[in-house]
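Common to both upcoming complexes is subunit A, partnered first by subunit B, then by subunit C.
Then we have the complex of A and B:
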């Protein structure tokens, strides 16, 4: 089930909210857990059992690690075993086909391998489980004794499919006790509608331009069309994913949870390093806390620091998908971050911020070409088109696409920064009543517009569902 | 405490065994096919009567299913352009579960819309639509609306 569907908006969510607020406090977590399992099973009934087994297994592993820590015996082995099983499961479903495909290409034999569907959200919930097991081992948190609470942590429907990746330490207390005030519920609703608007009114709309360009044969695409396609995807993925995150954060608030911010206007970044502090923050934080720092972070020798950065970015690339494109994408960012850190740090300080922002955007857009292209050679051809190799700089179709989408692109550019939000917050000045009235009208109109679009739309999954 | 750890370990290994069994079951039940797509497509087209149909282009596909044909690398899609004809054939292979879900939902919606359009006056067409084959086999999806839908389904299954 997706948030931007009528069945979610008008059946699932209202029913869950009614049940959640009607039942006594002790029954709230079971209601949310049941709702989350239904939510998952809606589109993925086959893998529901996998999730339930994973919950049971990791619930036991958490308690085992804690008990072994108390006895000071075997806790590390228990942790390694549990982590290996979880990574093994993720690897089996996500990477086995890729691995066998590459082996078949290299070896003279053809290893038969069934094509398995990827369980939706497995990359996200596996990382949440790993954060729990490692935090228990680090004595940062106690093992969760309540199976319902642990199950809810793993499956919570607002962030189950595409994050934010919630670290157990951040949510441990909220699983036991949380309150929902009218203010919190209201702000959650606003977040949700804003996210829905980003997805339905902005991401889906500009996704149309990307679809048109990506449907063009690459040899017939002008450089202008290639740039427009890349720009469209750049906006689509931001508004799609940050829209989903806003909806997740909003839904969490409606049920009393506080999830971490996942995006902080990444397209205004003055460097790629800054971009990654603002983009998919929960994933970057996870890799920082559970891979980068344990490897030694930057408090080590230069060669080891470079190794640490490359290891993190190789894994970040692979986390996004089992293909050489994503490996290349991860290595690309690893190399840029190292260059910024060791070669350009002094130079960058002297460059005007606007120039840095434009350069960062160009580098990010090149990264997205690696990300959206079906193959590595396809990505290189597309990049060639962007610089005009073998194709005209502009053609009639490219100019038509530019002119017909110019207004939309300008709106998206404005919406990518904090400016619109700031202006919106200032409407009415000190008169709170006016501000509230304007916000109510705006968000109601936005919701109605989204519903109108959804009625005529077909299935529109979020881009990050595939990870 | 030692006893408790022992008990937990027993449960842990038991669950691991169930997990392993479940995966084996998934591999067997949800088995797709490693046969090349071209081979499956040729087997299906050898049985299907596509003379009165035409291959969909990107625009036709968008109109029929609301999706982008180019999103699917391995696809075979035919439809009849006649006003009163409902024959359609769609064969897709995709590793991406969200794309698979999208194509399944789009195909179901397409059939539903067609039934609504023909119900009441196109008895023969409605019957073909109600007897349509919608079949997912691992990473493959087949939709057939045709008088020989069952033969096509059999040819598809045999080609896997």
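Then we have the complex of A and C:
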């Protein structure tokens, strides 16, 4: 199930809210766990068993690691075994097809391999489980004795499918006791509506432009169209993903949880280093805490530091998907980050911030081309189109696309920074009644517009008229 | 006195409370509304059957098909569905979008279909078979009438910067491909001259009878129809309640209503002729099916829609007998032709599976007319099959 659907908003959520707030405290976690399992099974009923198995296995592993820590023997082995099983599962579902495909290309034999459907959210919940196991091993947290609490940590529906990736240490206490106040619920609602708006009203709308451009045959689009497509994707992925995170944070609050901020206006970054401090923060933190720092981080020799950066970025690339594009995309960022750190550190201080922002955005957009293209060579052709190799600078189609999407693009550009939000908060000034009215009306209108878009998603008039 | 900060905080708390209540009202309100509301079977505006509540089954849940159906069901039966659609369309209009589902929203609320591309291989095949067909039937007069679509003639009304095909170029290409024995009837030029008049419906993809009447004048000259047989016709409004298919397809102009004019002899009677729908085995005494005016697609008033084969016996004294290969654009042209031919065989190749050569010989056909609009002709995949030997 996804949040931006009618079934979530008008069947699932109201039922869960009713049950959650009616039952006594002791039954709240079981209700949330049951709801999360239904949420998960809605789109992917088969993989529910995998999920249950995963919960049971890791629950036992956590306790086993802690027990062995106490006895001071074999804890490391237990951790390695548990981590290997989890990564093995992720690898089997996510990377085996890629691996076999590459082997088949290299070897004379053809290994048959079925196309496996990727269990929803496996990349996210595997990382959450790993953080739990490692934190138990590091004695940062105690193993969770309560199976329901542990199951809830792994499957909690607000962040199950697309994060933020919650680290166990951050949420350990909340699993046991948390309170919901009017203010907390209300701020969660605001977060949720804002996220829903970002996803449905902004990301989905501009997604149409990207679909049009990416459907054009390569080499037939003008440079203008290629830029519009790239810009559309740039906005779409940000508003889609950060909208989803906002909805997750908001829903979490409605049930008393606090999740970390996942996006912090990444498109106003003055460097790529800064961009990655603002983009998908929970993933970068995860890689920092569980890969980069254990490898020695930057407190080591230069060659080792470079190795650490490249390792993290290779993995980051692969985490996003099993294909050479994503590997290239990760390596691309690894190289830029090293360049910024070792070659450009002094130079960048002297460049005006606006220039740095524009350059950063250009690099990020090139990155997205690697990201959205179906193949590496496709990405290169697309980049070629953008600089006008073999294609006209602009054509009638491109101009039409620009003109019919101009308003939307301007709204998206404005919405990418903190400015709109700041101004919006200031409307009314000290006249609190006006502030209250403006905000309440705006958020309600946003919610209603989202419903309108969701209802009309299936607007599909059947035209039997034969003419 | 409260400080500014305190006031600000208090307002913030107030905002959270009110929004929580409003959010709950929307979520619970519509959930309850959907429960109470009776399900509809059919959507008039969308012109299709709506999804009904799926029945629960273990296999349906296991393979996920139950969930899929449930989501469609919920969207289809959502309370106030039609109103939500108008809100969405309105929002897109505000953002400058003027195209939906292949339909442009032009000036003055005119809806125009995108023009089809003419590069498909069916086009070449159709043209080749038309030429072969004409070559096989020497001694019969062949005419080709290709009607332009609204987005061509009314391109000034297209939204700013909109791009679509150029039918002038496409039609010139077709004319060049046709062999010399087939006479070209210029509809594009005629309609361009009359482009300030109501020659297309604003919410439908068809041309109006007025357009057909102008093009008929050209057709009359090319066909060298005998003036003495021609009965002058006069327009009569048959409905003011027409909402065309483009409106349903795009979601635009959902309140617009148009008038359909039918052309009848001055006494208002198209007497004496017999229209025989061969497939249905039905005979009628009129070219007009007024019962269709109660249905949604009121353009069906002309000839009752598209039948595979119509056999029209007229009361004309002319000795000429016409065979038409056509799409629905011909349906409002035929009234102008009935006084000039003693008999008209109307074939819609999309649904016709008979043998046309037999049809020609059995009926002693003297004239053959191809009448299509550009969009249909360039996407047609049935004509060559019907004409093939």
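Brief remarks on what is shown
Quick note on the criterion: the second predicted complex is superposed on the first by the 457 of 467 C-alpha atoms of A that agree within 3 Å, B and C clash if a C-alpha of one lies under 4 Å from a C-alpha of the other, contacts with A are read in each partner's own complex, and residues count from 1 in each chain.
In this text, a contact is a pair of C-beta atoms (placed from the backbone, for glycine too) under 8 Å apart; a residue touches a chain by one contact, two chains touch by 3 or more.
As the structure is a prediction and not an experimental result, all values here were calculated from the model.
Look at A:68: by the touch rule set out above, it reaches subunit B but stays clear of subunit C. When the two complexes are overlaid on their common chain A, residue A:432 makes contact with subunit C while staying clear of subunit B.
Of the two partner chains placed by the overlay, neither subunit B nor subunit C lies in contact with A:133. When the two complexes are overlaid on their common chain A, residue A:448 makes contact with subunit C while staying clear of subunit B.
Within the superposed three-chain model, A:404 lies in touch with subunit C and out of touch with subunit B [touch as defined at top].
By the touch criterion stated above, A:14 is placed in contact with subunit C alone, subunit B being left untouched.
In the superposed model, A:32 makes contact with neither subunit B nor subunit C. Considering which of subunit B and subunit C touches more of subunit A, the answer is C. Across the two superposed structures, the residue set of subunit A contacted by subunit B and also by subunit C is 43-44, 46, 457-459, 461, 465-466. Residues 1-2, 4-5, 8-9, 11-12, 15-16, 18-19, 22-23, 26-27, 30-34, 58, 65-70, 73, 95-102, 105-106, 109, 138-139 of subunit B touch subunit A in their complex. By the touch criterion given at the top, residues 43-44, 46, 49-50, 53-54, 56-57, 60-61, 63-64, 67-68, 70-71, 85, 89, 92, 97, 112-120, 211, 214-215, 374, 457-459, 461, 465-466 of subunit A touch subunit B in their complex.
Residues 4, 7-8, 10-11, 13-20, 22-23, 26-28, 30-31, 34, 45-49, 61-64, 67, 70-72, 74-76, 78, 81, 84-85, 87-88, 91, 95-99, 101, 159-163, 205-206, 245, 248-249, 251, 297, 306, 327-328, 350-351, 376 of subunit C touch subunit A in their complex. Across the complex, subunit A meets subunit C through its residues 5-7, 9-11, 13-14, 42-46, 182-183, 185-187, 189-190, 192-193, 205, 396-397, 399-400, 403-408, 411, 430, 432, 435-436, 439-440, 443-444, 447-449, 451-467.
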